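Naming follows writing order (A, B, C and D), and every chain is counted from residue 1.
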Amino acid sequence: MTTETSELRRRVQLWFGPQHPGITGNMSVQAWLEGDTLTAGVTHVGYLHRGFEKLMERRRFIQSFPIVCRICVPEPDTNEYLLAAGLDELSGLAAEVPQRGRWIRTLVLEMSRLQMNLMTLGGHIGAMAMGAAPNWLIALRDLVLDRFEELTGGRIYHMFITYGGVRRDLPEGFAERMEANFRTIEEKLPLVDNVIFDSSVFRKRAIGVGVVPEEWVDEMSLSGPIVRAMGIPRDVRKDFPYEKYPELDFEVVTTTGSDIYARAWIRRQEIAQSMDLIRQIFRKMPEGPYCAKLPNMLTWTIPPGQTYVRAEATRGEMGYYVVTDGSDKIRRVHVRAPSYVHGVALLERMIPGTNIADLAPLMVSLQVCPPEMER
Amino acid sequence: MPLGVKIAWSLVGVLVAIAYGLVIAGIIRKVMARIQGRIGPPVWQQFIDLGKVIFQRTATRHGWMFYLAPIFRAGGGIGLYLLVPVVIGVPALSNFSFDGDLLLVMYFIFFGSLGMALGAADSGHPHSPIGISRGLSQMTAYELPFALAMVAMAAEVHSFSIHDIIMVQQGGILHWNILTNPLAAIAAFIAFLGMNMYAPFNIVGAPQEIPVGPPTEYNSVFLSLMMSGRAILAVAKIVLYMDLFLGGAHSILEAFVKTFIIYFWSVFVGAVFPRFRTEQAVRFFLGWPTVAGIAGVLLVLIR
Amino acid sequence: MISKLPIFGLAAVVARIAVPTLATAAGSLSAAHLLGWLGGLTAFGMTLLAVFQEDMKKLLAYSSVGQVGYVVLAMALMTPLGWTAALYYAVNHFLFKGLLFLAVAGVIYRTGVRTFADVGGLIRRMPASFIAVLIGIIALAGVPPLSGFAGKWLLYEALMDKGWLFLTAFMMFASVIAFLYCFRLIHSIFLGQLKDEHRQVREAPWPLLLAELLMIVPILVLSVRPRVLVEPLQHLVTGVFGVPGVRFASATTMTTSFGYFNAAAMMAMVVVLVVVLLVILVTAGAKPTKVNQLDIVYSGELPPSPEEVQYAWAFYRPYEKAFAPLLKARVTAFWNGVVDVVEGIADAGRRFYTGNAQTYVLYSVLFILVLAAFGLAR
Amino acid sequence: MDTKPQSTLPVLVEPPRGAEPHAPLGRGYFLGETRRQQPLPMRESLAKIKNWFRANSLWVMAYGTGCGGIELRPLTTARFDFERFGMAMRPTARQSNVLIISGYLAVKSLKRVIRAYEQMPSPKWVVGLGSCTINGGMYWDSYNTINRLDLYLPVDIYIAGCMPRPEALLAGFGELMAMIKRGEANGWNHYLENFDWYKENQKKVINDWNMPDYNW
């Protein structure tokens, strides 16, 4: 009469996504729930797959730039920079990129890190249903987007960094307007700190939740804020300096705890760090040309070769492996996307034992960016 | 007053209460929006939403129990409202409050919740029972400080009659229970946060976790009844609190002002907090709100 | 229902011997007060344990023990009102718990499983049993329109009248916890997704349904006219104490020194509200299309089998976590002891619950006879 | 000879994993008894009033199908705030009226979008956001995306751009509201009237078709 209840009936299968407000984009986590604890989870991708790496093999070098920025929608500039840096290196254009061009590239990269961190910090508490802080932070992010629009003409997709430098020089009075925006941001941030880091409920929800063990760092090649939240000062900007980062004065932000709270704290510190770096850039930037003399984009060919370039995105180390074969198109490109590691491998490994309520904050704190996972 | 006239007045009262509940919900959306730095919807947005939902061209249902959730939600709200005197001394607005006492009112709150849970569970969606499991867990937890406060109130006047509890508070603000027994009032008002399901206690419908909990499958006319039920339930609960702690109301205007203040207590708390996990919410209510309630009862015993 | 019989024994014993001694001892911390807290703690602890059961019958067994706790508490009050409450509660509990056991027995008989996770969605196959359980749990939860509320109301009025304020609040808390298992009982068996192997299940056999009907009718009568039962019980109690606890203001209204309650008006209000709202729901708006079982909003994906969509196992896990400090460490040993005892009692009790309708009817008749004999003897 | 009228519906739905279905394949789990084909012209009394209510309370389904989802965040939050026009995000398809296809659609997403669309109660509207929904945009030659959205779903309004700014979205929604008030936004009617055509198109691109056919 009494039979042992089968495993199948003890658990409930739930899909987080693709149509789910708790998911950070168009992806899904198929999870199994027992009581209120997730016992297993599988990440499903493919909802956004466009085949970038394939599409680029059919396009000329300059045609690849509009495509490549769509790889990570909220933070496109890292992708543009990496493709540009790879092509620079392979074509020998790297030596000709003028100093100001490099400074502007660094500026754009930092601005994009700033706006992404502002959004993600709001996401941390937004995933726990606190509406006010994300609203404020996204409004602050819009200020940075305004500057992007002024500089590049686009709010989200900029297509600004190209091989040989950047597309145009800074507009008149750009630094002053940026400074005014920074003052607004700095005025608002203490309020945000107050409702996030001083909130007893957030502390209860975030401290000790979603801890990533230190052994996984090398085993799973983790990077970015996840690693820095363990106290390991690993940052591509310091370890493998690129562009003008060696000339900038900054320390890698670290903390201990490795939980959701620690990662949120890292992002909060990096917002301040980005603003500081941008101020330094404006101070140190020399006058001069912003772009090398470019060859005819329709006939330009790059000699055969291959290279791997990397940069620090807000999510971790982002890398491009670029192969050229002497034609006017890229032979092969592979994107090393941090979200792929964090969103598929790490997330699946962390789901067992997670409370159902903690999945959304966990995903935000791992900063999973679905389009980057699928390319 | 003849029964027929009384029923007619009550019907008017119910409609007014639904409208008032919708207006309050609209103002809340506006206030929340302003806190978040937005303009927010117009205050009458809830009426438009309600109309839109009724005018939906198609509707879907599951089993026949599916009908029960909106009916019980609205029935619980209306029933609760009918048992609570709104304005003292005006027979037209005191509803059927003489047919029941505080215990009945307390259990009528559960009538709506339990019925809603039963109906929603029939949809077969896993989010419904998960949400209900969370909601019922939280309900038992805030019930303890609430019950302590109720017991303190009732012991003070040696009666469970809401009318008696109002009458003992007459004669100025110093006689209000919120001042004569502040500890019990604290316990009750914290329980009120849990009852109203604003953050940090909005664990039932949590969109980031189980969108949107029990009413996931509800649509069209079902949803409209649920929305009006929620509106009148909110009004009935704040009227109950007004009667218990703020000395009731002598005029409709006074009732509006007092209920408004009571409701906004939970909104302002809700605007600046994220959400608890279920077990954290349960433990919270069993912690110092309960201690406050016990102290409130002790206060009555000492006196 | 068997577990109720000792209550009457207890009542008789307490009435003859204990009243004089205990009543005189009432003052500081009386033995009655201790007995009261014992009853209260039993009600709370057993209710809490019932919430976490995965087996239908175990849930009902724990629930019964918890309900006996209420009766013991009411007995310990040593007031006319308290005794009336205790006796009313006992009779009422006999009715709805018998109903629940019968209905659940029907489900077990037809499906052959006793674990919540193994059934579900049976409302489509066994609607009559569903209605029986629905009435049973509404009466058990003490939610207004049905007879359970009168029992709860009498108990609270008696407790407040005696001045045991903390016990009143504690009992309110415990009785709300009962909602948790009430909901679980009905949801996990009858609502949600129907399993594939139960698509051909038939309604419970008619003798069982008849027995259920025998229970439902008195419950409904008591819901409208609790006076029918309270008045004779009152007579019994008045024999002991000399003063009545409950007065009857009208045919349907009961009053105590603390409050009043009109059962018929309540029932009328609920019925009118439900009918009116149902009419509104059916006539207004678009005509609903019935969709099938697995046609649910599932994040845009197709749901897997009904087994994996039904949330039934470990239903109140967060609640268990919240009470973990209470259920852990040193207390565990104590509760384990309690559990062993209770399980022993439940196992013994299970021999009476044969699942055979005739036996149940026999029990009922015997019980009523004993009740009548008891009443006559007074 | 079996004289019972045969179902005109093709058997499409696989039973869930590990289940031995008792009901006829394709009917037991997902399908209702009859498929309700409602030719729904907007000829009803009070149509104007109803449309006014519908237009002023658009509930958008929270489903960011593509890149455009990134501009929906600013749209809902402090700076652009679409709630002041009575719009709100709803997390469940049963309670939403507007489906925003924010950008390109991968074939895998298309399947989920169709399912979500069919579960929404009518009247319902589809907003195509970005160039990708019009002609494929810059992914016109990708092997995994669809190029023209209106082959698969009835699009009521397109908002062009890559990606359109929040202001453009607000303007688009304003236009949609005006269309609804005029009674012109009848995409869902079109879907019902040409149901077979839409299904045929959908099945052409979705190879592993295991979707229930329902339309209410």
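Convention: contacts are C-beta pairs under 8 Å (C-beta built on N, C-alpha and C of every residue); 3 or more make two chains touch, one makes a residue touch a chain.
The model shown is predicted, which means the values in this text are computed figures rather than measured ones.
**Q** What chain sits nearest the middle when you go by CA atom centres?
**A** Here the chain at the core of the arrangement is B.
**Q** In whole angstrom, what separates the CA-based centres of chain C and chain D?
**A** 48
**Q** Mind checking the centre-to-centre distance between chain A and chain C? Centres are C-alpha means, answer in whole Å.
**A** 57
**Q** Taking each chain's centre as the mean position of its Cα atoms, how many Å separate chain B from chain D?
**A** Computed value for the inter-centroid distance: 36 Å.
**Q** Go ahead and note the Å separation of the Cα centroids belonging to chain A and chain D.
**A** The mean C-alpha positions of chain A and chain D differ by 31 Å.
**Q** At least two partner chains per residue is the criterion; list those residues in chain A.
**A** In chain A, the residues touching two or more other chains are 8, 12, 18-21, 33, 36, 135-136, 139.
**Q** Quick check on chain C: which residues sit in contact with 2+ other chains?
**A** In chain C, 286, 289-291, 293-295, 297-298, 300-301, 303-305, 307-312, 315, 318, 321 touch at least two other chains.
**Q** Considering chain B alone, which of its residues make contact with at least two other chains?
**A** 36-38, 55-60, 126, 130, 207, 211, 216-217, 220, 277-278, 280 - these are the residues of chain B that touch more than one other chain.
**Q** What graph shape do the protein chains here make by touch: line, ring, star, complete or other?
**A** complete
**Q** Would you pull the chain C residues touching chain A in the complex into a rising list?
**A** Its residues touching chain A are 54-55, 108, 112-115, 117-118, 298-301, 303-305, 307-315, 317-318, 320-321.
**Q** For a test of understanding, state which residues of chain B touch chain C in their complex under the given definition.
**A** It is residues 54-63, 65, 67, 70-72, 74-75, 78-79, 82, 96, 99-104, 106-108, 110-111, 114, 117-118, 121-126, 129-130, 132-134, 136-137, 139-141, 143-144, 147-148, 150-152, 154-155, 158-161, 216-217, 220-222, 224-225, 277-280, 282-283, 286, 293-294, 297, 300-301 of chain B that touch chain C.
**Q** So in the complex, the part of chain D that touches chain C is made up of which residues?
**A** Residue list for chain D touching chain C: 15-23, 27-33, 36, 63, 92-94, 112-113, 115-116, 119, 121, 210-212, 214, 216.
**Q** Going by the contact rule set out above, which residues of chain B touch chain A in the complex?
**A** 32, 35-38, 126, 130, 199-200, 202-203, 206-211, 271-278, 280
**Q** Would you pull the chain C residues touching chain B in the complex into a rising list?
**A** Interface residues on the chain C side: 121, 123-124, 134, 138, 141-145, 149, 152-153, 156-157, 160, 163, 165-166, 168-169, 172-173, 176-177, 179-180, 182-183, 186-187, 191-193, 257-262, 265-266, 269-270, 273-274, 277-278, 280-282, 284-291, 293-298, 309-312, 315-316, 318-319, 321-323.
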